[in-house]
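Listed after this line are the structures, all set down as structure tokens.
Same chain, two partners: chain A is paired with chain B first, then with chain C.
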Partner chain A sequence: MDGTIGILSQVAFWGLYSGCIYILLATGLNLIFGVMKIVNFAHGEFLMLGTYITFFLFVISGFNPYILLIGSIPILIIVGVIVERLCFRPILGTGKLNEIFISLGLIYIFQNLVALIWTDEWRSMRSPYADILINLGPIQLPLDYLIIITVTAMILVSLYIFLQKTTLGRAIRAASQNRKGAMLMGVNVEKVDMLTFGIGAGLAGAAGTLWAVSGQVFNPYMGSIPAIKGFAIIILGGLGSIPGAIIGGLAIGMVENFTAFTLGGSWKDAVSFILLIVVLVIRPTGLFGEAEE
Partner chain B sequence: MKLLDPRDPRHLLTVGFLVLAFLIPLVIGSSLYYLTILILMLIFIIYASAWNFLTFSGQGSLGHAAFFGIGGYAASLVALKVGLPPLVTLLFGGCFAALIGVLIGLTCVRLREWFLAMVTFGFAVIIQTLIVSQLAPVTGGWDGFPVPKLVPTTIPGYLMIEYYLVLLIAIAVILTFRYLLQSRIGLALAAIRENEVEARAAGINPVPFKLFAFGVSAFVTGIAGSLEIFHFGYITPEIFGIDLSFWPIIYSITGGLGTLSGPIVGTIIVTLLWDGLNALGLTYARFIIIGVLLVLIIIFLPRGLVSLPDEIRKRLKGKRS
Partner chain C sequence: MLAIENLNVSYSHLQVLWDVSLQVSRGEVVTLIGSNGAGKSTLVSTIFGLNSSPTGRILLRDENILGLPTYEIVRRRLSLVPEKRELFPRMTVRENLELGAYVRSHGDALDHVFELFPILKDRQAQNAGTLSGGEQQMLAIGRCLMADPEIIVLDEPSLGLSPKLVHMVLGTVQRLNEEGLTILLVEQNVRRALEISHRGYVLESGRITKTGPAEELLHDDQIKEAYLGM
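After this line comes the complex of A and B, so read on.
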């Protein structure tokens, strides 16, 4: 009996940890959706880019990989700003399918640029704490997972403070509540778009660093599946709602790991889509989504 | 509207194109390499046209590989277990894909664009998972299984026969789409695409029409998938890959969304570009080039390459006045 509780809480903990990466992705997507009302299907490529930048910096500098967040986040913010400026701004308001299609182009560009630079074989890196396990009663926790959960919480808290307390953060919230109203109040919404897109990409970059540090393998094509799960999460949690993204991320992380534990590992990816489809059949606008306009 | 009007330049172009399509194998027929490229091009013209048909109803799909693969698996399993010739089992592939298509369509008809894109993408992943896990005893899991060829390789000139068979199927498919779009169904689909609320007000119930579009699109996609499998003579779950879902989208957008000729032009141009770049040895760079092309076309030529002559004419006129 004690053993099953141990295993179950271990699985729950894995869920918590994999939920962290999804939360960072989904929060970024949600910020972008809130302000620009677009869905960037190439968001997973920012995650992938984050893993490779971390990997590259780790190999050349040998720093503690957690410190490399200082590198991966700003680089991805710049990449995000450029992508917004060059690709998404020209098509803003030209039809909802266009943004999906332009993301497909971006997916091809990013995946193969990375494959060109670092080849397309699977890679992984080793955290300096990889061997440290912490005993908590019946379960054993890798130290890395604990750090990852803490780092995610810290990133989310700083994002919250940024959105609540700074002028730029207020501008982002204003633009996401009412774009025209914000414009009338003197908010430069185009600048806000760029910045929001950058922050979204930066969060994905942070997720990339955490992905690499946790010892998971990565290749240039790894981004699509986590990104699509990010969308599943924002649909579950409601488009534009950041608390929804956090709850949804944790839920998907848990469901995935419990499914992999009961039905077998090959169902890990499919189950989040089944959940998504079930939710959409019952409520076509998402769990906490607003009614059709 | 007449099937052929000698005064219309587009019709003349179509006829010229068809003559070329029929004559080309006689010129290059000895080269298996070029014939293979042409056959795959035709299969993808069918596939891209089927994907594009769905957009006529205002819907989109990021997971058409699901139908492509289901068609391939159904047709090849029937061919293997029942022993029917591949040319007959194509229809089983199409029908089974259409059945699944209508079921998926049922969950999708009420959804908005983004949700639809994610749900269709998700279905491709779910079906692939089913094939490699629970259905593995029948499907061979990740290893797949060998399948008979469309035309047995023992017949002399089998690839040439295959080319003409696929060409005839492609022509039949495109004529069917043309007929459907010019019928009342096509009008209803256009009304739903432009404004669903107004279409409802005009007495059109969108649900059956959207389901019809899903079913037809899945049926033809299933046939395209079976053709591909019967061409290669082997099937694996990689047929459900993300790439295979994205190709018809890239072809249709490059050529021109919402036109009959768009997917055809797009498939031909992108395939030629693709194989040309491959011949130059640009394995990864060609993906980047295609991606950049896609982004540029969406931004600067949203109606695709088929609208290029019109755009040029407009520019020239604009300059003159």
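After this line comes the complex of A and C, so read on.
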């Protein structure tokens, strides 16, 4: 009996850990969708850039890879700001088709650029804590998982405080609830768009660092599967809802790991989408979706 | 203080405003009346830079603000209470008011707003989306005042309110003017609006057809017939 509980909590912990990457991706996507009402289909490429930037900084500096978040987050924020300014602002409000083509273009540009610089071999890196296991009662956990979960929680708490307490954060929330209202309060909504897109990209960059540090392999094309799951999560949790992104990300992480544990690893990716379809049939606005205003 | 000169505005191929000119002097309440679809809200949103491709001039303290982004206009101490209120529904009353002060450099007007609308003080922690229509209108006015404007534009502040609330809201407008605020008021409650105004303009199918002191407009036969139901 104790053994079963031990195994189940171990699987739940894996779910929590893999949910972290999804939560960071989906939160960024929803932040951007909330303010700009666009979906950046190249969001997975920000994750991929995050892994390579971490890898590169690690090779040249030899720093503890977790410290490299200080590099990957700001670099991705800047990349996001530039992408918003050059690619998405000009097409804002011109229709979904333009967003899709801009995103597709960005996917190819980023993938090929990275392949050009670092080739398209699979890469991986090793955390200095890779061999450390922590005993928590009946379960054994890699120290890296615990750090990743803690780091993700810290990032989310900082984001929450930023959005709730700072003037800029409030301007972002205002613009996402009522763009015209925000303009009339004197908010420069174009600046808010740029900043929001940057923060979304920065969160994906953080996810990239955590992905690389946890020892998972990456190549220039690795962004697409996690990104598709990110899209599934924001639909599942409700477009624009940050709590929805967090709970949806956790749910997908858990479901995947329990499925892999019970049915086998090959079901892992399929089950997220089965869950998505079921939720959409029952509740088309997503679990936490806002009704149309 | 605010002068609109020969303003023309179109939506794609449909011209909505034709050569509209209108002035509001410091300290005045000026009412703009006109039937549904006359172009009143179009005029108002054009003042705030929310319509594309207008021609003409909009002078605020002798500076042409036509073509400036909305946030630049609001920073010049001109604020709007829009027709649809445009509140932040999932923020509290308090947060809505605080956002009203976004462009304000110092101090705040919270006490003043709570004194004007005591109900907002009781509802501070409630989400704006859950307020009644009347409360939402009070919040929209209060939020606009938080910016510390010198001149405000109100687009049908009494729309959808009970007669008692209409009276209260227009009474507040009068009081704000007595406190020194310059006001451009768009209203369908023509009698009550003209009673608290210095001057008025009539907009018909996108053209200014009549203007004069409020007293005069109140006794104008055509206005009596068209807007006062007499």
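One rule holds for everything that comes next: the second predicted complex is superposed on the first by the 289 of 293 C-alpha atoms of A that agree within 3 Å, B and C clash if a C-alpha of one lies under 4 Å from a C-alpha of the other, contacts with A are read in each partner's own complex, and residues count from 1 in each chain.
We take it that a contact is a pair of C-beta atoms (placed from the backbone, for glycine too) under 8 Å apart; a residue touches a chain by one contact, two chains touch by 3 or more.
Bear in mind that the values here come from a model prediction, so they are computed numbers and not experimental data.
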If we overlay the two complexes on their shared chain A, which of chain B and chain C does A:Leu168 touch? Say first, second, both or neither. neither
Touch check for A:Ile102: first (chain B), second (chain C), both, or neither? first
Between chain B and chain C, more residues of chain A are touched by B
A:Leu92 in the overlay: touching chain B, chain C, both, or neither? Say first, second, both or neither. neither
Which partner does A:Ile139 contact after superposing on A: first (chain B), second (chain C), both, neither? neither
Check the residue A:Val187 against both partner chains and state whether it touches chain B (first), chain C (second), both, or neither. second
Between chain B (first) and chain C (second), which does A:Asn178 come into contact with in this model arrangement: first, second, both, or neither? second
Mind working out whether A:Ala130 is in touch with chain B, chain C, both or neither, as first, second, both or neither? neither
What is the contact status of A:Ile149 with respect to chain B (first) and chain C (second): first, second, both, or neither? neither
Mind listing the chain A positions that touch chain C in their complex? 167, 170-171, 173-174, 177-178, 180-190, 293
Mind listing the chain A positions that touch chain B in their complex? 39, 41, 87, 90-91, 94, 96-98, 100-102, 104-109, 111-113, 115-116, 120, 224-225, 228, 231-232, 235, 264, 266-267, 269-270, 272-274, 276-277, 280-281, 284-286, 292
Show which residues of chain C lie in contact with chain A when the two form their complex. 48, 50, 69-71, 74-75, 79-80, 82, 86-91, 95, 98-100, 102-103, 143, 147
What residues of chain B sit close enough to touch chain A in their complex? 55, 60, 62, 107, 110-115, 117-119, 121-123, 125-126, 128-130, 132-133, 242, 246, 249-250, 253, 284-285, 287-288, 290-295, 298-299, 302
